[in-house]
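This structure is in structure tokens; I'll ask about it shortly.
Labels run A, B, C, D and E following the written order; every chain starts at residue 1.
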């Protein structure tokens, strides 16, 4: 953080100004993902084995540089393009050529949502890097941690700037693997190993759908792209082509053979499967809570702010295609809404601070999803709202996690019931956490209020009252469980010894907290709809009181209940729990989804597919081979008995042979 | 003598040099082997550059006519009376395979640095085997091809039988006999093709101008395809592979899974499909079905394995299924994918087996449940193993993805001769293996390298030695380079696959 | 005419005799008698040769076959009889199999002979050239009609066989060094 | 002079006989060089006959053609090598007394006479000479089989004699029909007149085939071979398996091509069936054998099955293919036998298991054995593969792809049992306390020569091309 | 009767019956006799019948020539050679086995 880098416009240094102006950054936008990549390679290969400390700084510096570039790009982009923010591809090259007119390129797509995400990713990533210097201090895997973080940052940025679906898929997988590596960072802990495997496999399973979706889109993209009368430019895989009306018009005509089901629905549901996996939508949500086994900064970066929103981003990116199929959109909306409720309910019962945050993330992701699901191409308010929420959520959720991290760092404990009374011992952390909690609860003027408001408005005015109702309920629940952990953690008395001796985090960790807190406050005031919209630029609307009031009431109600139950006498809560009995237990056990999955994989797939196959291979297929060998050997062993040693028997065969040959010849010629 | 002949000769000369050394000079023997294979790697580089120059000059001037052209051709009549000649040359596919082999053998020699017993014979046989492999990849005369093909297969018997572990005689015998039975089928096919053509030549390129009768192709194609399929681990002829790989010593497993199994796919593409397009059209879907079974069956089979080598062997069955699957799609993308998969899987599985050997050399066990937490004591091996594992589950950025996306896309795009629905269903089934692969790779590697240390003795183990680092480093670098810059291999392979595609489409 | 009739009768009588001798040869349990019956068969064969106009051959048959080969066989019988003068009966199965095979062979041959028309290639059937002189000329003729070369070869064969037989059958032990006497005896 | 090689061989035999009489036991070591020298001269003489191919003697009753020339070369070569591997046993150089053979002078004489019989046989142009020379090529072998004069050797001789007598009776009976149907003894005349497919012709053909089958060890007249090969002295086994089988092939050429040439194309099915049965049976039974000689007997039975594949179909390539394969088979099989003799002379071994650890006790011989066995199994680039390939090619050309498949699968089976020996030699450890085995110069020379030939004839096209150029037109000359 | 007998001249086919039957009898003996010498005797029967075939054909097919007779001559000689070797081997073997029963000559089998 050398000050020389900070001033980007008004510094006296001419060359710097020249290098860092918008035009330059736009032309070289590839630098934004490339810097972390280069840093990843250098740190991973050369620096890490030598100096852990240096690797941390180099990694952080690289991401910082990216962040700076991203901010410049964003500032320039949103400022410059007055008449609609065009999608630009300032740089691309052919990467993978399948055949004539069908290749995947790598490139950088600059359009509002990608710029938005670049800013979010680089900023949060930088702050998390910074935070981690403190948080991971003294850890054996310090260098490794930063290597992985860099890898993740690169992958995520690559995903964000992907101009075509193949690059999207590529980076999609890469973020998956970085997530895997980071969840399993404490690889000696069996639970971390299990969690990282689970995360990877579940998302991989989801990616199967994405992959098949890509195949379908690729095929039809190619067919229509090269078909008669096509005037398309670029490549069939490009989002620009896939979302173009020319393509969608033809694609939506393709039938599957099942009445009422068009192929576009199938394809988009499959793609959505990928998105749902990455964004941990029900029923693929199970990996995310376990992913909290990773270091907390990772949870903040990957499992709260950035990677998990990739699914939302994908849906947003392909929104016109989704929108071309009403059924697909219904799926998106339905799954999103259900997940937001489902996760919020579970979130109310969890004791692990990070798990609560994880369920909260699930719930918020569901919000973003259904916001997309309730939009249409023409009524795209939800689209904007979703992106807005993504934007704000990134900050306050990262803040929550980092705050939780600071707490955990201080207490060395994840269980909220062992904390308590930390407000005084960790004032900065407390303050920032409070801001974040207010924000997520949707209290004016914090950022969450604005975005949540827009989402609810979009649901309501998009004609989805049920979803609106769900959203409202979720808003209340969110406020409740967030304040629940807030009260338990920071209020009251220390419930264990360690909590009693907790200290405030070091400065390097506090700086990100403060910055994020600031962002959580101000980001709500960004005139978001100015920048991110679909189709025509919508007229600017202020705060919609019809939605804002119920939303805020729900939030306040949630806070109040939480206060009632947890701020003072803990007995109230336990009494309630006792009243709820079985259903509480079901909720607390996350409706047994983990168990179901384990049952299905271990007891069904392994026991009834894999094990029989292994058995079949050894005993039937291989047995067949051995049987052939056995038959050969046995026939040899039997035939040797023809060789009796009796010379007269040999003679008899001899003479019989004559007769036999005579017979054959006779048959043939007579 | 041209460059391509040297590609074949160099390992052979090295083998002879090794044989002539006195047995007790163990260091000298392996240094000779290392130098010989290292020199081969250099030679391969030279050949690649040469090829590249010629090919790009042609690409500019010749247009599509260059597709059927071979480079660096050497032709010497051999058995003139039967039209047999020593005809070697290179096209993109061959070059690709030569590069692969060159890398694998060099790293294989590096990985066998610690072979103690009867090192002279070991390296001599290994190099003889590899002579055969190079021969197969560069020969364009069917007779010559077959000659090298068998040379490549047979030394395996001794290599496994003498230096192997476990039920080595059984495995070696099974492997040899099954592969030889496969080559018996190939022989039938080759002779039938030769006589039916009436051209009195074994020159592949000339035979490829013949339009064989459809009825003839209908029966010869499956014979030849299955013949190669045995080596390519086509279900249900794959069972030599788990046992063989499990019993073989490290370098042999590397070479076998890495290169030899590719001969199957190579032959199936080069000979079966290229010469008998009508037969391919007749049987393509059938073999797609079989290879789909391969893909899924191999990956499901791998889940249950306890022994790291069996584990990798089943994974090879699955991955080699992709090769033959790609071949059976009969379109440009799929077949290109098959070739890339050959390359990618070769490197990847070579890496796997090399690493297994290194781990086994330290822990003296290959049983997955007995290991754990090795990542702490052997970070280098862990990282490389994970990169290999990620490549095998098709992680983008590593070569496996490039191949698999081609194969899937190829299968999905279908071809004019088969039911596209059926092809798509099979492709989607095949796609599922990416999940299963993730499951077994992560389960396996997770158990071995992550988690708590199972055995206190493991704490005393050491990380990779310098030769081991060189060996694994090269392989990993190849995986990454191909994965990050796929155009390198794609541009090499595409022109070489074009003639096959054209022939399928009835174009000259 | 009568002589022609007698010839015919003689033919059939000899035929019966030859077959009877042959059957006795293979059926008798005494191997020595078997040799004697063989002699009978060969002698009747010689008679047939006379009837077929091959007088010289008949003579050779008597001299070489009856006088030489059978005598040799008798020697063999004597040298290899270990007091068991009666041979064991072959097993019933073996006899049955032998009979089936032999009968099948016989039937096939007879059948084939009946079905085939053997055409004489000579214009004049009466020509009779079976005298010793003709055979002698044949054996010494070096031209296209002669058999001088086989004649030489058979002599080599006989020489070789005698030498070999002595090596095999001589009395001395099997030690390699003691082969000295073999050559002299030959 | 056209008959020079035969005369040289006979003269050598006579010379050996005389010298044997004249010198005492100790100096009889010199007989082997004498015989070898004579054979070498005969070889050279045969080579020098090359320009005389096509000429004849005795009014055409003795003739030399290209195929005959090659056969003679192969026979002389086989005998030469066999003498080379015999002389240790005869001169008592081995360490195991039971492997010693008596009467070396007579041994060489018998072998040389047999050789002359074979050489006459390929030059024979009439039934009489064919029969007589065949007997000359066969009857001494009965004696040679019993040469060791022990119980087993005698039993082998007995079986050989009995089946040999049966075989020659059947062959003769068949010949008599050839004669009866045509009234000719000259083969070409018989061939010219044998146009009608009468029943007698068929019977004769069948009988002659069976008679040849005895020589060639074709199923079902192969059964003697196993016992005889096992019991015979090892060098004689070697000789039986190469030269005698070669003589059988020569006889088959004489009968099938020269006598029944116009019919041979229609015979494809019979030959295919016989070939299939022969190679399959030989291979299957070889799998379970323990005794190395018996093992090699079945191996050579299966080789005979491959060998006759050259008769399939009308292709003229069958002739060079068979000749070439015979040549290859001779050197290869003799290489194997050289090692077997070496090993049994040194250790008295009989069984396959006795070869364990040979790669440690004598690596060079183990390598030779392995290469030779691989060649027999048809592994490239060894000559055995090339030879088999050409034979299979003939079958494929005749349209018998199923037979090619059967033969190729059979090669695989054969590989299985050849690998059994390789396994013993290379994989199994040597018996505890086994010492290095010394190899004698004669065996070493033969082994080196044979193995070199096994490799070179496969890799260098010269030999096959020569055979091909010489003999590919032969069929057209013989079969009109 | 006598006329018939006098006018009857056995044709070639009739003649051929004799060797055919003798040959078959020889085969029978060859396949059933247990004494090795007996087998050799039977073999001689068969060979003799083959020789007879030649003589018969000579008489009926080419009466003007003597090739068949010459062949027979050689057959007799060759048979003699065969017997010589056979007897030698039998005698030698008898020394070892003290029996000539071929059914017991199965030290080598399978």
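Assume a residue touches a chain if its C-beta (ideal position, glycine included) is under 8 Å from a C-beta of that chain, and two chains touch if they have at least 3 such contacts.
Quick caveat, the model's predicted, so the values are computed rather than measured.
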On the document's contact criterion, could you list the chains that touch chain C and likewise touch chain E?
A, D
Based on mean C-alpha positions, I'd like to know which chain lies farthest from chain B.
C
Chain whose average C-alpha position is farthest from chain E's own
A
Can you identify the chain nearest the overall CA centroid, using each chain's own CA centroid?
B
Taking each chain's centre as its mean C-alpha position, how far apart are chain A and chain C in Å?
102
Inter-chain centre distance, chain A versus chain B - centres from mean C-alpha coordinates, in Å:
36
Would you kindly tell me how far, in whole Å, the mean C-alpha position of chain E lies from that of chain D?
28
What whole-number Å value describes the gap between the mean CA coordinates of chain B and chain E?
66
Could you check chain C for residues that touch two or more other chains and list them?
94, 97-98, 101-102, 105, 108-109, 113, 118, 120-122, 147, 150, 154, 157, 161, 164-166, 168
Shared-interface residues of chain B (touching two or more other chains) are 177
Going through chain D residue by residue, note those that touch at least 2 other chains and give them in order.
128, 131-132, 135, 139-140, 143, 146, 149-150, 157-159, 162, 166, 170, 180, 182-183, 199, 202-203, 226-227, 416
State which pairs of chains touch, listing all of them.
A-B, A-C, A-D, A-E, B-D, C-D, C-E, D-E
How about chain D: which of its residues touch chain C in the complex?
10, 13, 17, 20-21, 24-25, 58-62, 90, 92, 100-107, 109-110, 113-114, 116-117, 120, 126, 128-129, 131-133, 135-136, 139-140, 143-144, 146-150, 157, 180-183, 186, 198-203
Seen from chain E, its contact residues with chain D in the complex are 12, 23, 26-27, 30, 36, 39-40, 43-44, 46-47, 49-51, 53-54, 56-58, 61-62, 65, 67-68, 70-71, 74-75, 78, 81-82, 85-86, 88-90, 92-93, 96-97, 102, 105, 107-109
Which residues of chain C touch chain A once you look at their complex with the stated criterion?
94, 97-98, 101-102, 104-105, 108
Quick one: in the complex, what on chain B touches chain A?
174, 177-178, 235-236, 238-240, 242-243, 297, 300-301, 303-305, 332-333, 336, 373, 375-376, 390, 393-397, 401-402, 405-406, 408-409, 412-413, 427-428, 431-432, 434-435, 438-439, 442-443, 446, 449-453, 486-487, 490-491, 494
Chain B partner, complex, touching residues on chain A are 94-99, 102, 166, 169-171, 173-174, 177, 180, 184, 187-190, 192-193, 196-197, 200-201, 204-205, 207-208, 211-212, 215-216, 218-219, 222, 601, 606, 609-611, 613-614, 617, 621-622, 624-625, 629
